[in-house]
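Both complexes shown next keep chain A, but they swap its partner, so chain B is in the first and chain C is in the second.
Let's look at the complex of A and B:
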């Protein structure tokens, strides 16, 4: 272990000096204000129409119910609305505003939306050239001719990657809260959120529902987002080992992640799509009780599927990296 | 050739010992049964044209490519089985000196120093001084010229005080001054007891730098021996420049120790001949030149220049494969 630490230091330093993490911070610092502004406009709009959040919620429920009676809306969409109606009713009955405008609610919403596409993208910025970058610059020849076993090199890279993934999640949370707080105020940590909705087909089982304070909810959310991001990181590392060029490696990963997002919106009828990793990335939506992309998926199922994908990626990465010939 | 017996006598002491190394890539044999030894303190040349398997062999020496068969021993350790022990004694530059462009020279050295225990900041300063890079060492590597990257690469290779330094085509891309400096540097390192393994596709490079040489072509080692027995002995074309060419040709053709060569009978590079178009091209028995000069002078022919010229690499291969020089 003692000789692993300097290697981790090396890999952490290289990612830092490549300024990839600054790019991530820069993207966050640009995008979050844009979303904050959009959110603010929406809040203002609602404030004009409704004096009370309760009347807004009632209107929303009524909208959903109207849609349910329409013949033109496909059955899958109706199911989503049925579930939402039940959830919103639960909030209304318990006199809790599910979208009180404050920095904490915004952060919660942002994380929930970022977990399938945005955060994986940021992870790719770091993970995709982990190995392929060393290959295309030729420095891998220097790295692998030092008296260090190859698995140690890869492990040190993996540790550095997970370190930066964690840092990315934390930065997203902090930047979200700090920037949106300017507009919405910094309060809201103690407001309750309901979690534990169990979805059975079109019915919502509220027997397990309990209120948690917002800070705890965000912590749980961040943990799940971190898990998704780490799995994406492991897969990115595997692709980076297998593919020689960084560009090809990014494109491959992007394509699979985007395909997953598209599939989870349209493949409700294709049952086995639920074993695709990118369909399972949105772990956070289980927390808020949104209907899963494909019926029968639960949080445990998704975590399991992702874990298996991650494990396979690890086995392939280490298996190939320790044996492969460096030909160019 | 006596190299086989020499090898078995010396193999205990060899810094690098390669035995029956083979490599098959995608069903095709790239390297067939390569064997040679590098002894302590010697400069060992690895001569072959591009595509002869030099780089593949070098990559197998330093564990970048796993051999299909055979073994590589460095300092008594098997590179494939105990890479951590074996590579501790090796510094190498495979093809180009690749370093991280977004780090400074010093940060690069620090990075590689951390990969091995026992290399401190003072050692980094030492190698920086050895390669004479003190001025720019804290600049980002992307601002360096190729020559400077080469030096940084060598500094990196020297960090761990290796017993064996492997340089793959080290003169590639260097200007004549850089090549001369490199040559002196290599001599200096060898005089301190380091073994050097230098690959090149240039005969003259190997001739100028190395003590012993292995000649490789088509993935086979054609010969291993000292530079003088393999190259110099096969390299003696003698070019004569005289004031009365016809008389000289007549005189030389009458001598037993001289063979006159016409157009197309020799393997001298055109670049050499265009500079001296009227030269008489011959091969001469060893040690006969002073006597022949006397005879020419006695015959009233003024000798302007007598020049020994190496053949091209291709011709050397031809000679080695024709004769009994195949190992």
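Let's look at the complex of A and C:
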């Protein structure tokens, strides 16, 4: 145990010196203003059209209901709209604006949309060359000829990876809040947000619904996003152990994650797709009560599936890494 | 060398402590979220006082607020421009009256029947809220009730004609009973607003076998006028004559809803009678 800490230190600094984390911050600093601007335009547009948020909500509900009467819309989409109608009605009846424009709402929306694709992408930027990078630069030999057990080396890399995942998510939150606050104002921390909608088919069970202050909601959301990101990190590490080149490792991971996003939009009827990890990444949608990609999925189910994937990834990475022959 | 390693140590401490802190925070958030979803706290909303539900005041009418409710006619179905009669009324009125006219909400829903509208008027908080804000309420309803009647008529045409007529008569008076209820509910939701009920027309006039449906439509309009007469703020705007045309000039391609020209004429009539 005593020599683990220096190893972690070494790995953490190695990643820092590769400047990947700065790239991530840079990407965030470029993208968030763009999304903020888009949101602001939308808010301005709505302000012109509606007298207040209630009218906007009422119109949104009516639009969803009209979509329900159309025969051209597939049944799964109708189900989504039925659920949305019930949720929005709940907000309306309790006189709470679900999308009051402020920096916290923006942060919430951004995190919710980022969790399936954007955050995993950032994680891959760090995690994909964890081992394969050492291999392609040849430093893996130096690393493994030191009198340290191999599992300790991999573990130290894993801890460093988790460090950076946490930092990435916290930085995303901070940058989101700081940048969007310039336009929307920095308030909204105490605004109530409803959570606990339970979805049974097309019906929403509101018996468990309770209001949560916005800050706590953000924290819960970030926690769930973090869990998803850590699982993606574990899988990225596994692929990085198995595959020799960093490029191949990034492409493999990206392909599976994108496939998952596409599947969750297209494969509502293919039941077993729910065991694929990338279909389960959007844990945050359970918090806001959005319908799951495949009927019958629950938060516990998704967390369980992700945990099993993570565990398998861990076993494979450690199993292979400790036994692997290092050749050129 | 020594200096560099010290710099490294400081960097390491900063990163590590920030990262550990962040990890713990996020782990807490994750655990809280999972437990919150699995075991929602017993304390539910009802115990808290509802949030300040400030009702915006009607205010001086420097701005005329319009709310539209009802069926596909109000929705504007069939209008290729998407304007419907509602948006045209908004434009026409602002031109005629010279003040600001704003469409607060158009909550019309395709295929709505009187019974469904009654449900909504009684239970839908959103609709109540929208109606309360309105200075002018535009609405259509009953078309879908009557077209259901027309289908019954078609089916019973070949069979016993007497039964068909009686059945139709019953359904018509049922529908009118519900219309009465709709009028009451709209009036109760906002007694101060001007209300415009757009009368029905016979979309099947171009079909010779169904032309006589116009007589039923007229019975509906006649009774609707009678019902609306008791409310001083409520007016019925007749439009049936626009569609009594063999070629169906003002009908959309679905041969049921008005086309954009038809909607333009409906809007014209409404604008004409409002001062």
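Operating definition for what follows: the second predicted complex is superposed on the first by the 328 of 328 C-alpha atoms of A that agree within 3 Å, B and C clash if a C-alpha of one lies under 4 Å from a C-alpha of the other, contacts with A are read in each partner's own complex, and residues count from 1 in each chain.
One rule holds for everything that comes next: contacts are C-beta pairs under 8 Å (C-beta built on N, C-alpha and C of every residue); 3 or more make two chains touch, one makes a residue touch a chain.
What you see is a predicted model, and the numbers here were worked out from it, not measured in a lab.
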* Overlaying the two complexes on chain A, which is it for chain B and chain C: clash or fit? -> fit
* Asked: Is A:55 in contact with chain B, with chain C, with both, or with neither (first, second, both, neither)?
  -> second
* **Where the C-alpha centre of chain A sits as vertex, the angle toward chain B and chain C in the overlay (nearest 10 degrees)** => 160
* To do: Please indicate which partner A:142 is in contact with in the superposed arrangement: first for chain B, second for chain C, both, or neither.
  => first
* Asked: Is A:224 touching the first partner chain B, the second partner chain C, both, or neither of them?
  -> second
* Mind working out whether A:200 is in touch with chain B, chain C, both or neither, as first, second, both or neither? => neither
* To do: Count the residues of chain A touched by chain B and by chain C, then name the partner with the higher count.
  => C
* **Partner chain(s) touched by A:272 [first = chain B, second = chain C, both, neither]** => neither
* Determine, under the contact definition given at the top, whether A:13 touches first (chain B), second (chain C), both, or neither. => both
* To do: Quote the smallest CA-to-CA distance from chain B to chain C in the superposed model, rounded to whole Å.
  => 6
* chain A positions touched by chain B in one structure and by chain C in the second -> 9, 13
* Structure fact -> The chain A residues in contact with chain C across the complex are 8-9, 12-13, 16, 50-52, 54-55, 57-59, 61-62, 65-66, 69-70, 89, 92-96, 162-164, 166-167, 169-170, 192, 194-196, 207-212, 216, 219-224, 226-227, 283, 286-287, 299-300, 303
* Which of the residues in chain A come into contact with chain B in the complex? -> 3, 6-7, 9-10, 13-14, 17-19, 137-139, 141-149, 323, 325-327
* **Residue ranges of chain C touching chain A (in the complex, touch as defined)** => 8, 11-12, 15-16, 18-20, 22-23, 25-34, 36-38, 40-41, 43-45, 48, 50-53, 56, 65, 75, 102, 104-111, 124-127, 129-130, 133
* Which part of chain B faces chain A closely enough to touch in the complex? -> 25, 59, 62-66, 83-88, 90, 92, 94-96, 98-103, 107, 111-112, 114-117, 156, 160
